[in-house]
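So that you can tell them apart, the chains are marked A, B, C, D, E and F in the order they are listed, and the count of residues begins at 1 in each.
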Amino acid sequence: MTTEEPAVAPAVAETAADIAAMRTRGAATIADAVAEALATQARVSEADGVEAFRAELRAAAQRLYETRPTAVSLPNALRYVLRGIDGETVTALRTATIDRAEQFQADLAQAQSRLGEIGANRLRDGDVVMTHCHSTDALACIESALADGKAIEAIVKETRPRKQGHITASDLREWGVPVTLIVDNAARRYLDDADHVLVGADAITADGSVINKIGTSGLAVMARERGVPVMVAAQTIKLHPDTMTGHSVEIELRDEREVLTESESVEILGGEDDPEFSVANPAFDVTPPRHVDAIVTEHGQFPPESIVTLMRDLFGEPTGRPWEP
Amino acid sequence: MTTEEPAVAPAVAETAADIAAMRTRGAATIADAVAEALATQARVSEADGVEAFRAELRAAAQRLYETRPTAVSLPNALRYVLRGIDGETVTALRTATIDRAEQFQADLAQAQSRLGEIGANRLRDGDVVMTHCHSTDALACIESALADGKAIEAIVKETRPRKQGHITASDLREWGVPVTLIVDNAARRYLDDADHVLVGADAITADGSVINKIGTSGLAVMARERGVPVMVAAQTIKLHPDTMTGHSVEIELRDEREVLTESESVEILGGEDDPEFSVANPAFDVTPPRHVDAIVTEHGQFPPESIVTLMRDLFGEPTGRPWEP
Amino acid sequence: MTTEEPAVAPAVAETAADIAAMRTRGAATIADAVAEALATQARVSEADGVEAFRAELRAAAQRLYETRPTAVSLPNALRYVLRGIDGETVTALRTATIDRAEQFQADLAQAQSRLGEIGANRLRDGDVVMTHCHSTDALACIESALADGKAIEAIVKETRPRKQGHITASDLREWGVPVTLIVDNAARRYLDDADHVLVGADAITADGSVINKIGTSGLAVMARERGVPVMVAAQTIKLHPDTMTGHSVEIELRDEREVLTESESVEILGGEDDPEFSVANPAFDVTPPRHVDAIVTEHGQFPPESIVTLMRDLFGEPTGRPWEP
Amino acid sequence: MTTEEPAVAPAVAETAADIAAMRTRGAATIADAVAEALATQARVSEADGVEAFRAELRAAAQRLYETRPTAVSLPNALRYVLRGIDGETVTALRTATIDRAEQFQADLAQAQSRLGEIGANRLRDGDVVMTHCHSTDALACIESALADGKAIEAIVKETRPRKQGHITASDLREWGVPVTLIVDNAARRYLDDADHVLVGADAITADGSVINKIGTSGLAVMARERGVPVMVAAQTIKLHPDTMTGHSVEIELRDEREVLTESESVEILGGEDDPEFSVANPAFDVTPPRHVDAIVTEHGQFPPESIVTLMRDLFGEPTGRPWEP
Amino acid sequence: MTTEEPAVAPAVAETAADIAAMRTRGAATIADAVAEALATQARVSEADGVEAFRAELRAAAQRLYETRPTAVSLPNALRYVLRGIDGETVTALRTATIDRAEQFQADLAQAQSRLGEIGANRLRDGDVVMTHCHSTDALACIESALADGKAIEAIVKETRPRKQGHITASDLREWGVPVTLIVDNAARRYLDDADHVLVGADAITADGSVINKIGTSGLAVMARERGVPVMVAAQTIKLHPDTMTGHSVEIELRDEREVLTESESVEILGGEDDPEFSVANPAFDVTPPRHVDAIVTEHGQFPPESIVTLMRDLFGEPTGRPWEP
Amino acid sequence: MTTEEPAVAPAVAETAADIAAMRTRGAATIADAVAEALATQARVSEADGVEAFRAELRAAAQRLYETRPTAVSLPNALRYVLRGIDGETVTALRTATIDRAEQFQADLAQAQSRLGEIGANRLRDGDVVMTHCHSTDALACIESALADGKAIEAIVKETRPRKQGHITASDLREWGVPVTLIVDNAARRYLDDADHVLVGADAITADGSVINKIGTSGLAVMARERGVPVMVAAQTIKLHPDTMTGHSVEIELRDEREVLTESESVEILGGEDDPEFSVANPAFDVTPPRHVDAIVTEHGQFPPESIVTLMRDLFGEPTGRPWEP
C-alpha cells in the first residue's frame, strides 16, 4: 500500500462540482448523477488491484458526499451502490459496481410512477384529498388514480410562506381535478370534508418521523383529531440512513423576506431596525409516526414505525459514513 | 288597548339606521349605542300606562335588533337592559330602564380593562405567549401584565388571509414586547417555546364553544397535543345568548380575493373562468370547550363548560327573541 | 302538636297505589300525577295550622316517594313543588302549593316540544343523525327540525337486545326521514357518514354523566374518536337530584331471555342447566361528560359539566330526601 | 366622617397574632377563628353609625387577612361573612354579622361529615380506592362508607417526600380497611386494581384546577389513561375565590432536606458545596379539570368545570380584596 | 417457444372449479388445495424446458387465482410456493415446486396449534378474555392456555347480526370455560372486568390494519379507552400481500335479511316497498394498528405496525399478481 | 448413536455454577461468560462426529440456560452463538462456534459505547434530560453527547424505593452535568422543563413493550401527555427473544423492607402482625410501545413497534428453547 491519494476520475470531480454549485439539484437528479459517477469511476479506473480499486471508489464517494452532506438522496445513492459490490478481481468489482449503479438508476427512473400506482390503490372513486405544499410524489398518486378511472377531488392548502399550493392547484386543474383552495388556517374546518390527507416528504427518519414542509405536523395532528387518515408519498431516496444512528435532520431556517415583505415590515416597525423583532421561518417540521397512517414508497406501503426495516434492507446496517465499511 | 303601533323614538330609529348602515360598528360600540337608545326611548316616552310603555320599549328593541340580527353584542345589550325593568308605574319603569342602561354602559366602559387585569393574573413574569389574529381583549391582558411589571414575550402568528398578526406585532412592539413573527404553518413547531396560547373571541356559545378567527380551533388542538394551555379573552358582550336555545352561529364566508390575488389566480388558471376551481374563505371557526382551558371575562375567569352559567346570570333564561318575555 | 299521623288525602293514596302498581308509568306521566296529587292534598287539607299543613304535605310526599324510590322523575316533581311553598297562613300555603304544582305541570306539558325546538337548532339542513334506542325527546328534535323545513337523514342502530331502533325507524319513516338501519356493531363504520349522534337519557347525574340505554357510552366513545359531536336530549325531569349528594344510579339487570331465546340457549348448552354460563343484561350504562358535547333540555342546552347548575336552580341545594328541609 | 383609624377589637388583634404566629393553624381552624373574630368585632363595637360600624368590620377583616394572605380558607371566611351583612342600623348590622358568622361556623363544623356522606355515596361495596398523601376530607368519605356497611380496600401511595401515606395507612388500618402500601412509582401498575382514585385538595381554583400534594396531577393523568375515575374531596373553604380574578396559586418550595438527608447528600457530592446540584421540592402541583371526574364538597358533588358556580354562590362576584365592596 | 397455451393439469382445473363453486371453502382449506394443485401441476408436467415448465406453473396459478380473487389465503399460497422455485432443469424445478408446496402444507397444518401456544403465553392464570365473533385461531389460544393448566374466563359478545358468539360460547363451555354472554352494546360496560380483548382476523393489511367481523374496530377503540389490551390471533395465510401495493380490502355487503326478518320489516314499514329505507350490513370493518396491541401468528407475535415485515419475509416484495415475477 | 449423556466440559459446568450462585452477574457479564463457555465447549470437545458435537453444544446450552431461565441476556447469548453454527465436519463446527462466540463477545464489548454514540445524536446542545433509575446504557448517551461538546442538563428522579437516582446524580455531577434532583412525584411538574425522557431497560419484548424499573410506564404516560419524547437506551442483549412466542416477562416482587423500614412499620401498625396490611414492591413495570418514541441500541435506533425485526435478525425465528432447532 502506498501513501498516494487514490485517483478520482475527472468525471466524478465534475459531478461533484455540479452538485456543489447547485447546477445539479433535486433529490432524484442528484441521486442519479451520483450513481452514474460511481459507475464512471469504475469504468475508467486503472487500479491494479482490488484494494486500490476499492480505495478509489471510496475516495470518489467521499468527494461526492462532501459536496452537500445534508442532501438526503446523496448518501442513499452512495450507500446503495457501494454495499452491493462484491468480487475478487478488479474486473469483477468493476462489473459489480456498474451493475449496481445501473440497477439503482433503473429503479429510480420508475420509482415515482411505481409509487403513484401504489398510492392510487389507497384512493377510492369519489374521494376528497387534502394536500399540503407541492409534492410530485404525492401528485403521482392522484395522477395514477385518475388513470385508473377514479374521480378525485382536492382541497388544496395554499402553504405559506411560499404558497406552493398554487402549483399543486394548477397541476390538479390541468388534470381536471376539482379544486378548493384554502388558507392553511382553514385546514381543520375542511378536514371534515376530506377522506385523506396526502403529503410528500423531504426526508424520513429511522424513528419513523416525517420531515416535510412546515405545517405538515400540525396538519397531521388535526387529521388524527378529526379521524382523517394521513398518507405520505415518498420515494426511498427520501429515507435518511444517517438517522439510523440517531442523527437528527437539520431544519433549514429560510430568509425572513419569504414571510414579510419590505413594505409590511415598514408598516409594523416604522422602518427602523428593531433587534427585538424577528421572523422565524423554518422550512420543515417533524411529524412523529403516531400521527401518520402509511408511508407509500415504490417498494410498497409501510406503517411509519416499520420504515426502518426498509431502510436497513436497502442501505444496510448503519455505519459512520457511506464509504466506511 | 289600541291597535296603534307603539311609538318608537326618532333617536332610536336613527341609532338603528346607523347600525344598519355600518356607520355604528364594532361589538362594544353597537352595544353601547343600543343601551343608549333604550334609555332615550324611556326618557322621551309619552306612554300613558305601564303596558304602553313596555310596548314601546319592545318595539324599540325589535327595531334595533332587526338591523343586524347576527351581531352578537346587539341582542346582549337588549336582553340585559330589558330583563332588569321592574316597576308598577311609568315613572318607575322609566327610571329602571335608564338605570339599567347606564349600568350596562358603565360596565361596558370598563370591561376591557377589568378583563385585562384578570387575564394578566394568569401570566407569570417571563412567560411567552402565542397569539392568533388581533384581539384588543387579548392584548389588554398582556398590557395589564406589563403594567404589573411582568416581562412577556410573544410569538405572533401572521394569521392569513388578512394577516392581522401584523397589527398585533406592531402593538406589542410599541409596548416593548419582544416579538417573533411566524407563518401559521409554523405554530406547532413554536408551541414548544410557548407558555400560553392567548386569543380573543368573536362569539362564545352556550355549549362552551369559542367562535373566533379561522385557525383558532386548529391552534387549540395543537396546543392540547403539545401541553400548552389555551386562554380566551372575551368581554361578556361576546356571549351569545341565542345559542342557549341551540342556535348555532353562522360563519361568514368572505371574499375569495382575500386569499388569492388576481395575478395569482391567473397564474393558476391561465386567466380563464373555471367553475371547478373555487376558493373557500370562512372568517371564523369553532373551537370546542375541551380544547380551551379558560375564558377570561370582566366578570372573572371560567372554564368554557360553565360559561353558560354566566350567560344565564347576565341575560336570563333564554327566550325566542330579546324583547319577548 | 299531637302525635297523630298527618292526614294524607285519599286521592294521594290512590295515586301512590297506581304508581306502585305500574298503572301510572312513564317519567312524564308519573311526574304529572305526583304534582297533581300534591295540589290535591293542598286543596282538601283540613289542617288547622301552618305546621300541620306542612306535615301533611311532607307525609303525602313521602307516601308518593316510597312507591318507586328509583324513578328519577318522581323526586323531581316532589322537590320542585315542595321547595317553592312559602306563606304564613294555611290559605297562603294552599295557594302556593297549587300554584307551584300547576306551574310544574304546565312546564312539563310543553317541555318536550320546547326541547325539540332547541335541539332542532343544532341540526342543519342536510344533516345525517345517528340514533340509539328510541327516545321521544331525541325524536322531538328531529321532528322540530323537519317542521323548520330542514332535510334530515338518519342512521338507526337497531339497539339490541330489544331492538327499539325499529320503533325509531318506523317513526322516522312516517315523517319521511330516509333511514338506514344498522346493527349496533356497525356504528363505528357509519359514524364516518354522520354529522351528529343524538340520544335521549334515562337519567342525568350531578357529575354530568348520562345514564341511557346500554350501548350509549360505547357509541359516545367511538363518536369522539371519529370526530362526531354527541347530543343528548333530556327533559329536566331526567335530572337526578339525588346524585348531587353523590348517589349513583342503580342499573337494572333485566331478564336473560331478552338476550337469549330458549332455543338459542338449548343450542349453546344442550338444554342442560349450566351454572357457569350466564347472560348479563344491564338495561343502561353510564357515559361520562367528556364524551358528550351538549345536553338539550327545555331550559336550553348545556355542556354536561354544567348541568348541575340547572339541577340546583330547579331543585335546590340537595337534602337527604325530597320532603326533608 | 373622621380621619381616625377605625377601632379594631383587641380580640381580633389577638386572633390575628395567633394566626400570624402559626399558633392557630389548619384550614378549618383558621376559618373558624376568623369568623369568630368578626362576630366579636360586631359584638363589642361601639360604632355610632352604620358607616363607622362597616369601617370597623373592614379594618378587622384587613387586619386578619394580612396575617397570611396565601391561606386559602382565610379570605373565604371573610368573604362569606362580610357579603351577607345587610341592615340599616348598627343593631341590625351587628345581628346580621353575628348571624352570618355563626352560620359559617355551623356549616364548617359539619362540613367534613356532610362531605364524607356525599363522597361515600360514590363508593360501592367492595370497591378498591387508591389514595395519595393524607387528607381528612378524603378519609371522611371512606369512614362514612364503612359506616354505611360497605367493604372498602385501599391501595395507599407512600407519597414522598414526607410519606404522609403512612398516616393514611395507619388511619385506615385502625378502621379495619385492608391496606396495600406502594411506592409512588408503582401507581400505574396498581391502578389496574383500583376502582377510584380519591384525594383531597389544598385549594381549588376558578378554572377547575385542583391544587394538591405534589404527585396528584401525574396520578390523575395515569388514572385517566387506565380508565379509573378521579374523585377529589374538598370542603368549600378550599375553594379559592381570588382565582376567579385569574390569580394563580403560588406553589411553596419546601426544604431540600425533606428530599435528601445530609448523609445522602454527602454520598452524592462527596460533602462539598456544589452550586450546580440542587434539589427542587415543590409542595403541590396543579391538576387540570379534564383529568378529574368529580369534586365532592359539603354542598354536593360537582364536575370540576362547574365548581366556579359554587364559588360564586358562596363568595359572590370576585372583587380585589375580601373587604372591598 | 410456441404460441400454444401452456398446459394446465386436469387436477388443477378441478381444484379451481371446486373453489369457484364454493365446494372448497375456508381460508386454510383453500390454501392447502392450491398448494396441492401446484405440486400436482409440477408432478404431471410434460414440459420439455425450463421456460415451458415455468409457463405452465404460471398458467396454473392464474387459473386458480381467478376463481376467487378476493380470497386472502389463495394468493398467499400461490406466492409462497412460486417464489421459492429455483433450478436450472425441469427436474430441479419439479422437485423445488413439490418441496415448496409440501413445506407450505406442513406449516399450514400446524399453524393453528403453534399460534395457539404462542397466544396462550400472553394469557395468565385467572385472566378474563372478551371475545367477538367466532374465530378458531382465537379459540386455539384459549384452548392452549387451558392445556397449560391456566384458568380462563370469557365474556362473549353475541356478535350481531349472525350471533356467532353463540358458537364461541358453546365451544368454551365444552372446554369448561365459565362464560358470560352479553349483547354487543354491553361491551364497554364489561371491559372493566376483562384483562384482554381477543379476536381473530379475516385479513391483515400491510399498513397494519386488521379486517375482521363488523364491530371489531369499535371494540378496539373502547378497549383502548378502558385500558384493556387487544390481541389478534391470525395465521399468516390471513396476511394480505396485495395490500403491500396499497390495495384495500373490499368489504362484502351481506344480505339485509341477516339484520331484519320479514316480519320485523313489515312492522317497521307496514309491508310496503320503501325506497328510502335500507339496511346496511357490511360483513367486516377495519381496525387501525394504533388500537391493536399484538398480532399473534404461528411465526410469533408482532406489533401490528411491523406485520408488514413478516409479510415481506413470507411472500416477497410485492408484485402485480402472484404469478408475475 | 448411543444413549450416553453428551459430555459437557468442566469449564461450562463451572460457568453455570458461577451464574447460579450469582458470582457471575449483570446482563453483559453473564452474556459474555455464556458465549465464552460455548466456545470452550467447542474447543475441548472430543466428539467424534457432527451429531455428537452438536449434542454436546446443546447440552452445554441447556446446562447454562437452566441456571437462571429468566435472565434475559443468557438465552440471547445462547441463541446468537448456536444459530450461526454451520459446517459438515467437527472441525468446521468447532471453528464456526468459536468464531460466532468471539463475534458475539466483540460486539458486546463495544455495544455500550456504540449505543452511546447513537443515543447522543438524538440530544442537542443545551437539552435537558429527565432520567429515571440508574442505567449505564442511558448514561452512555449523555457521556457521548458531552464528548461531542454538547451542554446537557439533567433532572434526576430519585427513583424510590432504592433511590438509584442518587447514583445517576453522582455520575452526572462527576461529568460536570448540572443536576436537579426531584422526588418521583414531581415528575409531571418538571416535564415542562425537559426536552427528553431518557431511560434504560431491563428487557424489551417482541410486542415492543419496555420492561424497566417500576415507575417508567407512568413517566412515559406523563411525558406523552406533556409532549416530551421518550427514549430508551438498551443494548440488544436486553431484547427478550422468548417474548416472540408470546411469553411475558415475569416481574420480580422484591422485599417489603425496601419500601418500609422496621420503625416505619411499627409507627403504622403499632408493632403487631397485621395480615390485612401488606407492602407491594414490584421491581419493574411494562411500558407499551405507544408511549415510547425510540429504542436506541448498538445496531441503531428503532421505533419500539419494529424492534421485533431486529430481534429476529439477531436471534432467528423463535423456537421453544434456545438449544432446540
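Just so we're on the same page, a contact is a pair of C-beta atoms (placed from the backbone, for glycine too) under 8 Å apart; a residue touches a chain by one contact, two chains touch by 3 or more.
In this text the structure is predicted, and so the values were computed from the model without any measurement.
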item	value
Set of chains whose contacts include both chain D and chain A	B, C, E, F
D-F or C-D, whichever has more C-beta pairs in contact	D-F
Chain pair equivalent in interface to A-F, over half of contacts matched, among D-E, A-E or A-B	A-E
Separation of mean Cα positions, chain F and chain E [Å, integer]	36
Chain centre separation in whole Å, for chain E relative to chain C (CA means)	45
For chain C, residues contacting two or more additional chains	225, 290, 303-306, 309
Overall pattern in which the protein chains touch one another (line/ring/star/complete/other)	other
Which chain pairs touch, all of them	A-B, A-C, A-E, A-F, B-C, B-D, B-F, C-D, C-E, D-E, D-F, E-F
Touching residues (chain side chain B, partner chain A) in the complex	158-161, 163, 166, 169-170, 173, 176, 178-190, 213-215, 217-218, 221-222, 225, 259-260, 264, 267-269, 274, 276-282, 285
Chain D residues touching chain C - in the complex, by the definition given at the top	117-122, 124, 229, 290, 293-294, 296, 299-306, 309
Chain C contact footprint on chain B (complex, rising order)	206-208, 243-248, 288-290, 303-306, 308-309, 312, 317-318
Complex interface listing, chain D residues touching chain E	192, 225-227
